[in-house]
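Input: a single structure, listed below in structure tokens.
To keep things simple, chains are lettered A, B, C and D as they appear, and every chain counts its residues starting from 1.
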Amino acid sequence: MPSTTFTYRVRYAETDQMGTYYNARALEWFEMGRTELSRTMGLPYTEWEQRGIFMPLIEASVKYRGRAAYDDLLEMTVSAGVEGRTRLKFSNTVVHAESRRPVCSGWTMHALINREGVPQRIPDWVLALGF
Amino acid sequence: MPSTTFTYRVRYAETDQMGTYYNARALEWFEMGRTELSRTMGLPYTEWEQRGIFMPLIEASVKYRGRAAYDDLLEMTVSAGVEGRTRLKFSNTVVHAESRRPVCSGWTMHALINREGVPQRIPDWVLALGF
Amino acid sequence: MPSTTFTYRVRYAETDQMGTYYNARALEWFEMGRTELSRTMGLPYTEWEQRGIFMPLIEASVKYRGRAAYDDLLEMTVSAGVEGRTRLKFSNTVVHAESRRPVCSGWTMHALINREGVPQRIPDWVLALGF
Amino acid sequence: MPSTTFTYRVRYAETDQMGTYYNARALEWFEMGRTELSRTMGLPYTEWEQRGIFMPLIEASVKYRGRAAYDDLLEMTVSAGVEGRTRLKFSNTVVHAESRRPVCSGWTMHALINREGVPQRIPDWVLALGF
């Protein structure tokens, strides 16, 4: 199963008045993970869209495991696989880069559609990337 | 189980280049629902925090069921209940206000902590609100 | 000069770890103001886009005047006018609804373009709205 | 005047249904610039806050100069200087990293306050960083 790991820092914008990252931002981070992984696999997601394949979320699940404040250095590991003939699933785990303390983890499930919104089977060129 | 229903409009900021609401915004909407419900139940969440009780998410689940564009009028129904002695669960359903077409649904699970981050049992004054 | 006034509450998502609204959110609020004003003037901005007129920002200015925390009830006044033959300017003022303490104020300047991004003069049907 | 330059990519979350970055996100990017610059100057902004100095915005100005889509590689240059004895001003310019096409530019003006919100003169240790 393809996977990649990268680090990033928490933006001030991503914190809230509880002094930790705002819960919805985890999903924004998961999206960064998909972007990084598709690039690592050799075909950035921008090119998927140029080829007419879009990958909207149909489901998301997040477990919040610990705090993360502004400028904390976080490390995400993201992996991906197919689910049947029409869906892709990405799994994300975020920890503090140095202490390895957990921050959040979860997954997103995606349908594949064309420009008109019609569901598509997973194209061969997606499977060929190694999903 | 306490619940409330209200309408709101999609902000331009909440859309993305796919022309629908960005996935993470669903969790921001769910938070609006918790805010509305706590007010309806007679004790706005701001007062919870003033009493020293905070309600961080420990888990979230979202199902994306349909598109919603800028300025669409949406209707959310949110309900809540206790899970054991230490957790609250809120459930949210969002549909287009007129057509009733589904937009998204899901739930968030919350721990209760004090200012120092120490887990708390659900206070009596929370239970008394009708959870 | 057309104007309108409305109230709204600060979302938890809009706060940051300084305990007040995050600075970029002011621009998101200003957008809510434009949405409300265009509706009040009789032609919601969604219909502008359906008629092929888009209104991207070319400049924005914000003055931050005071704090606003989660769930604070704010009141925005927004007004609009033409600038030459090709630009619209919206001005926004946000205060605490009860205390009238200032929160922020500013303006956004907009060009008008068509679907292809080509600059347009202000259409007669926009001027007829009362700008 | 201290300055630094770095690159970053547009997140999907940062786009809107016009197919370009949402206007408020420019201010979130400017904040990334301040974070990078303070680190480059030898004292990350997190340490400013630990020393009891906070730097809220009192004014912001943004000029929107061109489009940027999801995953575009952008380059920001950010510089900073003092304004009188109590204010810091940061200036930001964002261009497409390869084509040098402009994206946005602007500046933010900041007051310095302590934990209690009381305005402070610029501390010597801030001036010593090279502002």
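What we mean here is this: a contact is a pair of C-beta atoms (placed from the backbone, for glycine too) under 8 Å apart; a residue touches a chain by one contact, two chains touch by 3 or more.
Bear in mind that the values here come from a model prediction, so they are computed numbers and not experimental data.
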**Report entry** Farthest chain relative to chain C (centres taken as mean CA coordinates)
**Finding:** A
Report summary line: Of B-C and A-B, the pair joined by more C-beta contact pairs is A-B
Report task. For chain A and chain B, let me know how many angstrom lie between their CA-based centres, rounded off. Result -> 23
**Report entry** Length of the line joining the C-alpha centres of chain A and chain C, rounded to whole Å
**Finding:** 32
Query raised in the report: Distance from the CA centroid of chain B to that of chain C, rounded to the nearest Å?
Result: 26
Report task. Enumerate the residues of chain D that touch no fewer than two other chains. Result -> 12-13, 20, 24, 28, 31, 69-70
Report task. Would you identify the shape of the chain contact graph, picking one of line, ring, star, complete or other? Result -> complete
Report summary line: chain D partner, complex, touching residues on chain A are 9, 11-13, 28, 31-32, 35, 44-46, 49, 69-71
Report task. Note which residues of chain C are touching chain D in the complex, please. Result -> 18, 20, 23-28, 31, 54, 56-64, 67, 108, 117
Query - Touch list for chain A against partner chain C, complex - result: 12-13, 15-17, 19-20, 22, 24, 69-70
